[in-house]
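What follows is a pair of complexes built around subunit A, which joins subunit B in one and subunit C in the other.
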Partner chain A sequence: MSHWVLIAEDDEHIARLIDFKLRKSGYETELARNGQEAVSRLAIRPWSLLVLDVMMPLVDGWTVLKRAREMDGLARVPVLMLTAKSLQGDHSVEGLVESRSTQVMRKPFDPAELSQRVASMIEGAPKRQGDTAS
Partner chain B sequence: MTDLPAWERDPELKALRDEFIASLPDRMASLRLFPGIGEVAPETRQVIHRLAGVAGSYGFPALSRLAGALDDVLDLPAAGRDRFKAGGTLIWVLAQALRRGVDAAYVTRADPVSIIEEDAVAEAIFVAESLASGPSPGSS
Partner chain C sequence: MRKGYGVCPPPPSCLVKNLTIGRRPVLCDSGQVGGQFNLQYLNNRLSPGNLGIQLVIAGVCFVALSLVRLGLGSVSAVDLRHGAALRAATGVGMILLFGFMLYRLYVSIIKPIERLSLTIQDYRNGNFGARARISGRNEIGYLEASFNDLAETTSNLVNELRALDLLKSEFLSTVSHELRTPLTSIGGYARLLRDGDAGPLNETQAEFLGIIETNVARLSGLINDLLDVEKLESGRMQVDYRPQELRSVLKECVETLGVLASRKGLKLDLVFSSDCANGLGPVLGDRDQLLRIFVNLISNAIKYTPSGWVRVEASQSPLGVTVRVRDTGVGLSAEERERLFRKFYRAKSGLTSGEGGSGLGLVITRGLVEAHQGGIEVESEPGQGTVFTVTFPRAVDRADQNFRQLERPRSKLEGRPSSDNGFRILIADPETDKRILIKRALLQKGFLVDDVPTGRQLIRRMEQEDYNLVLVELGLSDISGLEALQAIRRNPRWAGLPVFMMLDEAANPPPRAILASCGADQLVGKYRGIGGVVDAVISHFQQLETNRSEAGP
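Right, the complex of A and B next:
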């Protein structure tokens, strides 16, 4: 079964690097260039994981995450948030990163570590209805 | 932080890195609009923030650290920033170093480690990182 990953990242060069590493690891990917585009794509596939940049134009990554969590099919989907800033002391994100299904990775990241993190999050995710063991 | 030989082993990865390096003059053009004093335009802020996030992933961790330090200082409230005696100098040192760093990375295709090791730059990065990780300058 193929796993689809939605990558929402506004820097073209980092987006392409993530896309390259995840495709190389066997995932199917789609790119969204900003948060608004990401929100519009949430419902189009049964995503296995979302990679969301925190600071994006139009709609930020936290808003995309909230929208995803409000959707039946994405309420528990693993989400990897990418940020160049420390979230320490940022009370606005309390409650959003407490669950195991939402993790944060600091930028800049090692591309190999990112693909390993994605793999472990997808493997550790609760099975969705309709998924079959491979 | 990245396995540098991997860039050479994988032609697709090398092409991506080449494209990132080729993007540096455009980023530099925005940085020239901010000499390190006065107001910084939102577009330039975005360039600095993005450089902090992307450069290290392409094998330029020193450039990321430099941009991140400047980004951190620019995040401080202007009033709080002014309370530090070195406030203006700090931003100026980091802005100049970042411009030199981007130039050096483009020309040499190597991480500008020697620039962040210069005494004044190293001290500015240390102060910036301390301010970013410490209590808000507005609180006491």
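Right, the complex of A and C next:
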């Protein structure tokens, strides 16, 4: 069974970069160009992982993350947050990145490292109900 | 309208306008500067000469009565009975008049001045909202209105600067984000190509892509450095203070950088003096940032050393930990030494060697060292190599010791400032005014405060009593503040006692390394008003309370 990854990133070139690398690594991907689009796509598929840019127009990455966590199917889905800003001292997100299923990656990032991180997060994620072993 | 004053000052709203920079709106509402604070209003409505006139009238009455009395004296021989009655009456009248004058003097001059000076003190202590109440239509009233005006202007300026500072930080943060986004694309696609994700490459193409990647890393490092400098300067750098054993920190640095050194054919050694057998330190600080300090210094030494060796030497005394990074590199001229810690400065020899660098490394290093209450110094001659010496105060289990020393009631530093919080502080300052000012401010915050004017009295008082904190002015008159500090630190009884050194305005601060090696805990400047001293004391005790509540239930 192939894994579906939702990529929410407003920068066209970075989105294409992630998309390219993850497809190359064998994942099925779908792109959302802003937070609102990402939220509207949360329910359409049983996502194996979400890649969310923090700074997006309309709805930011943290909000998308909160929405996903409120949904039954995505409460424990691995989420990789991408950010160009340091999170040091940002108390509003401290609670959100504590859990193992939410990780943060700083920009600029190495695409190979991103793909490795995605792989290890999907591997370590708790199996969803109804999933068959791949 | 009276023209009692040579220059009619512009109303506060004008002053405020003059201060705004460009067309940005004034952040502080100048509308609240109306009515009673307005000088123009005073000039129009009040009579500034009132007080003088009152006094002149009172004086004339006094003189007239005296004259009457003198006149009566001359006729007293004629009619003794009437004379006696009149004399008694004028005597009583004079006493009453005198008493009345004294009362007027108190009410119209002394009382308002007293009130005004209290208000000014309040303002100096950092309450920028403090304003004087206008007491009357006279010179004092004018003085009070003038103070209000100045206070308003200054607080507007402070607000303005704070807003600007905030804008600067926001700007840097936004710019860094805007720079990192294209950098992510450039570096990311270069990496994809070099990894062969888009097809096979020839050797030259791979080499060129490697060059792109190196420069992306450099640019990215520069952005991080810029943000760090900003954080250090604004005091927003977060340091997680915990006792750290420095030996493992230094070992880790040397291991990491060994590769870099050997690639250049340099020998990189780590030497501990014999007193480090049981560990180095501990030093109170953040492990990551301590690592960064030494990685910066060692990689800098490697960068500027074409051949020979780089040696890291560590030693300690009961009070301080000293680490020297010594190299046989190109060295520095006197001019270069002086500019070394300035932003964006890079030694010439480095510029021509083709080595990269933002010129921010040492600024960050020094900032981080100072954030750990330490000091950094450089010794070097051109062609003779360079030695960087970093000194940190050695951490003593202060929190614990302090709370064992004095059994004190449970207290909160916030909330009830008027009630006493049980902490005892001793101030040593030769200047009575400032000493009393600091004492009063600390008393207000609920501390128990004693004060002495000289260094010898300081030591004597400390021998007699137990204190939780000592504030020592560096410029004591009998023995210097540093000598007093050394005397304190020589006595094991006070090993864990926090000592804050105060520095008066316009004085040259001694190198932090010396302060640190003498065992000073903090250097607080008095030149920004005594508010800084009070804040330092409060945050020290708040830290203690936090540590204590974290340590145990």
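Throughout what follows, the second predicted complex is superposed on the first by the 134 of 134 C-alpha atoms of A that agree within 3 Å, B and C clash if a C-alpha of one lies under 4 Å from a C-alpha of the other, contacts with A are read in each partner's own complex, and residues count from 1 in each chain.
Throughout what follows, a residue touches a chain if its C-beta (ideal position, glycine included) is under 8 Å from a C-beta of that chain, and two chains touch if they have at least 3 such contacts.
The model shown is predicted, which means the values in this text are computed figures rather than measured ones.
> Look at where subunit B and subunit C land on subunit A after superposing the complexes, then choose clash or fit.
With subunit A as the common anchor, subunit B and subunit C collide in the superposed model.
> Tell me the contact category for A:A112 with respect to subunit B and subunit C: first, second, both or neither.
both
> May I ask you to decide whether A:K66 touches subunit B, subunit C, both, or neither, giving the answer as first, second, both or neither?
So A:K66 meets neither subunit B nor subunit C here.
> Touch check for A:L17: first (subunit B), second (subunit C), both, or neither?
Both: A:L17 reaches subunit B and subunit C.
> So, A:R45: does it touch subunit B (first), subunit C (second), both, or neither?
Neither: A:R45 stays clear of subunit B and subunit C.
> Who does A:A84 touch here: subunit B (first), subunit C (second), both, or neither?
Both subunit B and subunit C are touched by A:A84.
> Counting clashing C-alpha atoms after the superposition, which of 186-194, 276-284 or 510-518 on subunit C is the one that bumps into subunit B?
Clashes occur only in 186-194.
> Do subunit B and subunit C touch any of the same residues on subunit A, and if so, which?
Comparing the two interfaces on subunit A, one with subunit B and one with subunit C, the shared residues are 11, 13-14, 17, 20, 55, 84-86, 88, 107-112.
> Okay, in this complex, where on subunit A does subunit C touch?
Residues 11, 13-14, 17, 20-21, 24, 55, 84-86, 88-89, 107-112 of subunit A touch subunit C in their complex.
> State the interface residues of subunit B toward subunit A in the complex, per the touch definition above.
Against subunit A, the touching part of subunit B is residues 1-3, 6, 12-13, 16, 19-20, 23, 49-50, 52-58, 61, 64, 68, 71, 75, 132-133.
> Can you tell me which positions in subunit A touch subunit B when the two form their complex?
Subunit A residues touching subunit B: 11, 13-14, 16-17, 20, 55, 82, 84-86, 88, 107-112.
> Going by the contact rule set out above, which residues of subunit C touch subunit A in the complex?
173, 176-177, 180-181, 183-185, 187-189, 191-192, 195, 197, 216, 220, 227, 236, 238
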